[in-house]
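This is the structure I want to talk about, given as structure tokens.
Going in written order, the chains are labelled A, B, C, D and E, and every chain counts its residues from 1.
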Amino acid sequence: MSEYLVLCLILFSLGAFGVLYRRNILVMFMSIELMLNAVNLLMVYFSALHNDQSGQVFVFFIMAVAAAEITIGLAILVMIFRHLGSINIDSLKNLKW
Amino acid sequence: MNAIILISILGIFTMMSEFIGLKKFIYPIILLSLVGILGYNICSFWNTPEVHYGMLLHDNYSVAFGSLLITITLLWFLLSRESYSAGEFNQGDHYALILFSTVGGLLLVSFTNMSTLFLGVEILSIPLYILAGSRKKDIRSVEASIKYFILGSFATGIMLLGIALIYGATGTFDLAAIKIAASQQSLFYVGITLLSISFAFKISAVPFHFWVPDVYGGAPTFITAFMSTFVKVAAFGAFYHLLDSIFTQVPSYLSYTLIGLSALTILIGNLAASYQNNVKRLLAFSGVSQAGYMLMVFPMLSVGSKSSLFVYLAGYAVANLIAIYVVHSIEKLKDEATVENFGGLAKSNPFLAFVMTLALISLAGIPPAAGFFGKFYLFTEVIKGGNIYLVLIAILGSLISVYYYFKTIIAMYSEPENTSSAVRYEFGFAKIILVIMSVLVVLIGLFPDILLQIGKQI
Amino acid sequence: MITTLLIILPLVAALLVYLAGQRLAPTVAIAATVLEFAVALYAYFTFDVAAGWNFAVNQEWIPSLGISFNIGMDGISMALVLLTTFLLPIILLSSLLSPLKDKASFYSLALIMQSALIGVFVAKDLFLFYIFWELALIPIYFICLLWGDENRRPVTFKFFIYTLFGSLLMLAAIIYLYTVTPEKSFALENIYNTDLSALEQTWVFAALFLAFGIKMPIFPLHTWQPSTYTSAPIAGTMLLSGIMLKMGIYGVIRWVLPVVPTALMNWGWLAALLSVIGIVYASIIAIRQSNYKTLIAYVSIAHVGLIAAGLFSNSVEGLQGVIAQMLAHGVNVVGILFVIEILLNRTGTLEISKLGGLRNQMPQFAVFFVVIMMASIALPSTNGFIGEFLLFVGIFNYNPYLAAVAGLTIILGAVYMLSSYQKIMLGEAKSAYNNVLDLTLIEKSILIPIVIVIFVFGLFPNLVLDLTEPAVNEILHTVNNSIPVAN
Amino acid sequence: MMEFVWLIPALPLLGFLILSLFNKYIPKSASGYIASAMLLGSFLIVLNLLFSAISGQLIEQPPVVLFHWVHAGNLNLSLSFQIDNLSVWFMSIITGVGFLIHVYSISYMHDDEGVTRYFSYLNLFIFSMLLLVMGSNYVVMFMGWEGVGLCSYLLIGFWFKNQNYNDAAKKAFIMNRIGDLGFLLGMLLIYNQFGTLEYREVFDQASKIINPNEVSTIITVITLLLFVGAMGKSAQIPLYTWLPDAMAGPTPVSALIHAATMVTAGIYMIARSNVLYSMAPCTLDVIYIIGTGTAILAALIGLTQTDIKKVLAYSTVSQLGFMFMAIGLGGYSAGVFHVTTHAFFKALLFLGAGSVIHAMGGEQDIRKMGGLMKKLPITFITFIIATLAIAGIPPLAGFFSKDAILALAFEANPIKWGLGVFAALLTTFYMFRMLYLTFFGEFRGTQHQKEHLHESPLLMTIPLMILAALTVFSGFIEVPHVLGGHNWFSHYLAAANIALPEASHLSNSTEYLLMGTALALVVSVIFITYFLYVSKKTQPASSESEMSFLDKLSYNKFYVDELYDFVIVKPLGFLSDFNSNIIEKHFIDRIVNVSGKSIQWSGKTIRYIQSGDVNTYAIFMVIGIVVILFLNLVL
Amino acid sequence: MGNIIFYILSGITLCSAFFVILSKNPVYSILSLVITFCCITAHMLLLSADFLAVVNIIVYAGAIMVLFLFVIMMLNLNEAVTQGTKSFISKLAAFISGGLLLVALVFLLKGQQIGAVDLSKLDPNFGSAQELGKILFNQFILPFEITSVLFLSAMIGAVMLGKKDLKDN
């Protein structure tokens, strides 16, 4: 059990907690970014541990995906704002049960 | 590999079609190309397995699942044609996104490296986040989109953590290497568990299924059709492929997890579906429960379980496409596809009622439809694997499922005409496709041997 | 080949009927069923008792799973095929009386059902058996749903779910059997030759018993039945009780007795006991029913209870009785349901309290009614007696006390049948029914064959029993050979 | 001769078929003649057989097999006839008396609209009854046994517009069926034990049983079960209540079925199975007790009845009790002998009563009759002959048959003799009470009836006369030794393997004494009755309120019907309602429905987890992950 | 020395991460997220992933965060958004389940023996642009190319969702 692993797990859990806890969609996005970053760091750590640079390459892909994803996410967010004038997830409960 | 490239090119071409003035011709071009690619793909079934760039495996499994995926896309194109006639949606964008999503699906059934897995999942999902929200004027569509997005990203995070932990344990992303390096250490099994959980999300196993009814319910129905069939096939193909590549035998901790998930999924999925009044949501929940059945074979990893999964998926996809198409038609006629709105369908639109009945019978797993054989084969494999109690749970689930499927059938056949909007539905050439698909459902049910032979080869 | 023809012919006919349109549909359908009956008769006359399985066809179907299209007829199958093909024209003819809408669909469904029923009776492959079994369920479901009375929806629903529950359990048992066969095959011989431990047998028996028991139905699995019989259209009830419940009994003979003999030895008493309880229970309930159709539904449960008890008697007499009684019950119950059809047609009601004195207007009808009624309470010289007597012989050999309790049926049978007959037919003429007409030609043409069969089979039962005896012996042979010798 | 045996039942069957199938085309007046002709044909053949039987040609005759009926496993049943002295005797009674009653009916029923139906039923009855006595195995007997039950049902409910009659018919059928169940179980046990149901084989095998335990249990159970059948058919306690009600049918039917033939089927059956019964003394005791009880109980009820047919009905029940009394004492031939004489005099009584009723325009209440002897002389004379016969006045038939029974009784136990005599006295009392009330004194009916009183036509009176003759002379076939006879009839039956009673130990003087005592008592009772009903002109109470307690008890048949209603019918109805409304709806079906409902309920509940809230979804997902991870740790 | 830096950095990382989640005002969240990213970049540097560290800064802090800010400004969301009607129970549930996740992960992985990172053993070029480029364009060329499909769809999506329908206006 190493410190980096613990750090990353805490960071990841914090991100997850953010998703569970916050109602503000924007902050939820940020929480997700936090989770991804925790994974990034973990990858880098393992990459160094194994002396294998493919881990770092993988981080590239994660970053690329994260960027692409967040673009879409923000586009959706804008749409929501246009509809509701707010970005609170609580107001989005039309679909249930 | 070639199919992936060809479809990517097709997607790009579609995207560009508006600029280069081919908008009118793009639809036939897509159809023809897909048919060509499908044919090409099927022809490569007997080729010797090979690995492209150390990233993509070309073997019977990938070809079979790939062909199934391309077929679903093709059927989707055939059925969704008229959804774009109203001009509400930009067909070029949609088609391109669907094609890109197809690429993602194809990646998922042939990856040999975690990076392709990851990218495949994302390429599959991102277009769908967009498509789910494509009915921009409808808040429900947008809501579906954001829910799908947030939960999907969350699952991606979990998947990535899983991959990272596996990487930590083995030092590689390559499946073959992981298989060799696989060990009992906790990094590895937490990693593989988390990875499995992210797949459980994609295949909508309980308790990771919450996005399914909301997203399926909110998204435009023809997109739901794609999501509920294509994504499910791709995710199952990928999950099985993953386990099959990493393990020769599923370790006990994982197999217990899978069995538990499967039982829970069957029960909760069916129970939740039983009270739905909106057929679209009902089908969403039923999709959840179907996932439960398929999960039953995962702990076995035998040739039989693989082929049974394939047969089941094939039958499920066709039947589900039909069912959702009918739901779509009802929505067009009467705004909302509640069970009441199905009332008297047998009188006003006997053909629609008939194909719907067939599809539901197939989903419920009653002979002679494809779904029955799929379920039968699945159960056979599970009992062979020794999990007879799981089959009993599945039987209980099936019974509940019959309850809600037949609720719809009963409405169609016995309720009086819901008079105000007794419109006859205009099909266009979708009717021919529906006929073909119905025949397919029955044929798979009665003569499953061809499919079985394929299944045994993969 | 004939067997295949028997299965295919109704299917083709169903298609033709559907295409023929409403006007021609009845003619085509009835012609087809008569033709089918002719084919069955031909098979009967060319049947070679010594050969065991006649007209066998064995075609690979799903070789990867050891499934084949394996059909053929032994005596038992032949008898039930005869019953099915004999009853179908009668049922279809009788439905001409009732004001069914969309007859083309109705006849198509009935024909599909016939095909499936024959398939059930001739299947030599367990998987094939199951397919036909389920296939038979769907048409009747739609028949009940489309042409039933105002309660049809919940009732049919319950019926369907209930029977499907049994089917699914059976499916599990079937698959289990398949996985333990050394050859990985569903074929009859392989299933018979598989050795199961006592525990395995118990579970397989439980599943199959539930499946078949629900279909028959055996007490306490019967609650779907009275309401379904009541709310289904009469032709549907005829199909259900005349033929369909025989599927369950046949299933036990063919797929339970030889497969799980040890379980039968251990648990057969329970099944027999439940059956006998069912006889008395249903008979007692029948006494006070106010709707004649419901009454007949309970009567049917009582009769089936007796048959079911005979199933577990493990004697030639008992099993022969089961077969005889299946045939008799099929004919008689269709007869009595046709009587109901006529009553409904003339008076518009089946509430016993609203009927009365009809004998004054319909003397001929009364004669047929009495004959069918007497057959159904097993008066000697009618077909009902043969079955009942043989059954009693079998049950008595199994357990005299059980037979004594089961015997209450002959008393209670008289009570409910005669009381209801009295209330419906006898007494002063009611003015409401002054203009009711006696039997028409077409009604007579249905009732006369039924009555002829009642007496012919009552006096010459060995026309059929000789056919089935070797098959029954064969089955009992399998049963007794596979029971391990008690130490 | 034997090759024509099948014609005996076939002719009445043919008659039945002709009459029922072509009833539209046959003139009403012709139907009676057709039916009678058929029966006459049978009767002639039977007569022929009877002569062969008397000349001893039918001893050890093998069964006549018509065709093989049922074959399954070890069970081999054929439709075959046992032609021996016993069955021929019964056939003679059936066809002979039956023919007379047919002829009588032609006139009696001539203006009824259902006359064709009536005769077809009557022919069917004769057919079934012949089957019953001719069959060479128990199943054929059972076939006839049930067949006569059916005919009885049809004929009692002949006037179907009256629901009371229909109730009576139904009651008869159901009570008979209770007996039939016993019979059936008896057969099953026989088959179970001996593997066959043919009389000869059964008796052969039974007589080979040596183990006394087996004899005492198995045979006793078999015989008791068969006797239950006899109880139903022959109206013994506790299944006798249907017979008085059965008087709802036309009077000739009462004469034929409910007096002369069908009700004696039980005696026939026991006589036929005497080999078994003789092996089971215990059963014989039971039979004796029930027979005696029935004889006395029915006679007691008969004392106060006011319906002419009801009186005769109770008298029949009582006489049947006598017959069983005889059998219970081991006197099979005495029983059959009493069957014979009873057939004649009781048929005569019924037909006479029919004639009276005919004359009275349907009136059956003896309180409204009286003084008919002048208007109906033939009826009166034949009626008085029959009454004297039933009372046992020598040299009429009843004297011999009753004396044979009483002698047996005394031999067994003087108390038994006393009981027998007591029953006989009761019989004498109510019979003469009826006779006096009907034919003596003043006419008590309406003026209208009085004007229409007339003797019946010849077709009705001729059968009366023939039966009267038979009543007078038939006793002489069994003249006991003590009176210088040779017990011819017992020997005749012995040829059909009917066990002879043990030779009498009684001295001649004792026998004379017994006869004398009985006769003296009877004669004194006749005078007492004369004194009561003719000299004192006592009238039966016209309403219940005037009766004494004992009268009321007797008049209301000791409330047995009410008792049955309370103990059996009501509880059965209650049980039916209870089962269908409580057990079925609230237990069995509820379990089914509740399981369905609970699924719906859980569906409804589970649905609410789908709250639409993304955070909640994510929370569930995380909880799922946590649970799975921890489970991994455990597993 | 390395340890101290590590712990300090970790502290900052976690604190700022907490602030991201707990801050009421999204702008503050973004700013603290930027700090978190920077800390992570520093961590990467510590692990000798030099090139990646730079990319991380550029992509996350530079591109993604700017995008966030841009959206906030565009939608004028910079004042604190109330947390809505959130029940205490759901807060608690979120807290407990989030905490349990951490506990579960740590608990399961605590037994894992992981050797310390020995930077000295690493290739001097480890993590350099050159080395990564080699791997990316050889071993990972296919995923790299495939990523373009991802971007294309993201692009189409952003355009499709972002643009206002002409008909609306």
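The working rule: a contact is a pair of C-beta atoms (placed from the backbone, for glycine too) under 8 Å apart; a residue touches a chain by one contact, two chains touch by 3 or more.
Given the structure is predicted, the values throughout are model-derived calculations rather than measurements.
Other chains, considered apart from subunit D, form one piece (clusters defined by touching).
Chain centres here are means of the Cα atoms, and by that rule the chain farthest away from subunit E is D.
Highest inter-chain contact count (C-beta pairs) belongs to A-E.
Of all the chains shown, the one with its CA centroid nearest the global CA centroid is C.
Note on chain placement: the centre of subunit A and the centre of subunit E lie 6 Å apart, centres being C-alpha means. Annotation: 26 Å between the Cα-based centres of subunit A and subunit B. Averaging C-alpha coordinates per chain places the centre of subunit B 42 Å away from that of subunit C.
Look at where the CA atoms of subunit D average out and do the same for subunit E: the two points lie 102 Å apart.
Counting partner chains per residue, subunit D shows two or more touched chains at residues 596, 607, 610, 612-616, 618-619, 622-623, 625, 629, 632. Residues of subunit E in contact with at least two other chains: 93-94, 97-98, 101, 105, 108-109, 111-112, 114, 139-140, 143, 147, 150, 153-154, 157, 161.
Touching two or more other chains at once are residues 115, 119, 122, 126, 129-130, 133, 136, 146-147, 150, 154, 165, 168, 190, 213-214, 403 of subunit B. Working note: touching chain pairs come out as A-B, A-D, A-E, B-C, B-D, B-E, C-D, D-E.
Looking at the complex, you find that subunit A touches subunit D at residues 16, 19-23, 28, 89-90, 92-97.
Listed in rising order, the residues of subunit D touching subunit B in the complex are 596, 599-600, 602-604, 606-607, 609-610, 612, 614, 616-618, 620-621, 623-625, 628-629, 631-632, 635. Interface residues of subunit B, counted against subunit C in their complex, comprise 361, 366-368, 372, 376-377, 379-380, 383-384, 388, 391-392, 395, 398-399, 402-403, 406-407, 410, 413-414, 447-449, 452-453, 456. Residues of subunit D that touch subunit A in their complex: 607-608, 610-615, 618-619, 622.
Remark: subunit D residues 20, 67-75, 79, 139, 142-143, 146-147, 150, 153-154, 157, 160-163, 166-167, 170, 173-174, 177-178, 180-181, 184-185, 188-189, 191-192, 572-573, 575-577, 579-580, 583-584, 588-589, 592, 596 touch subunit C in the complex.
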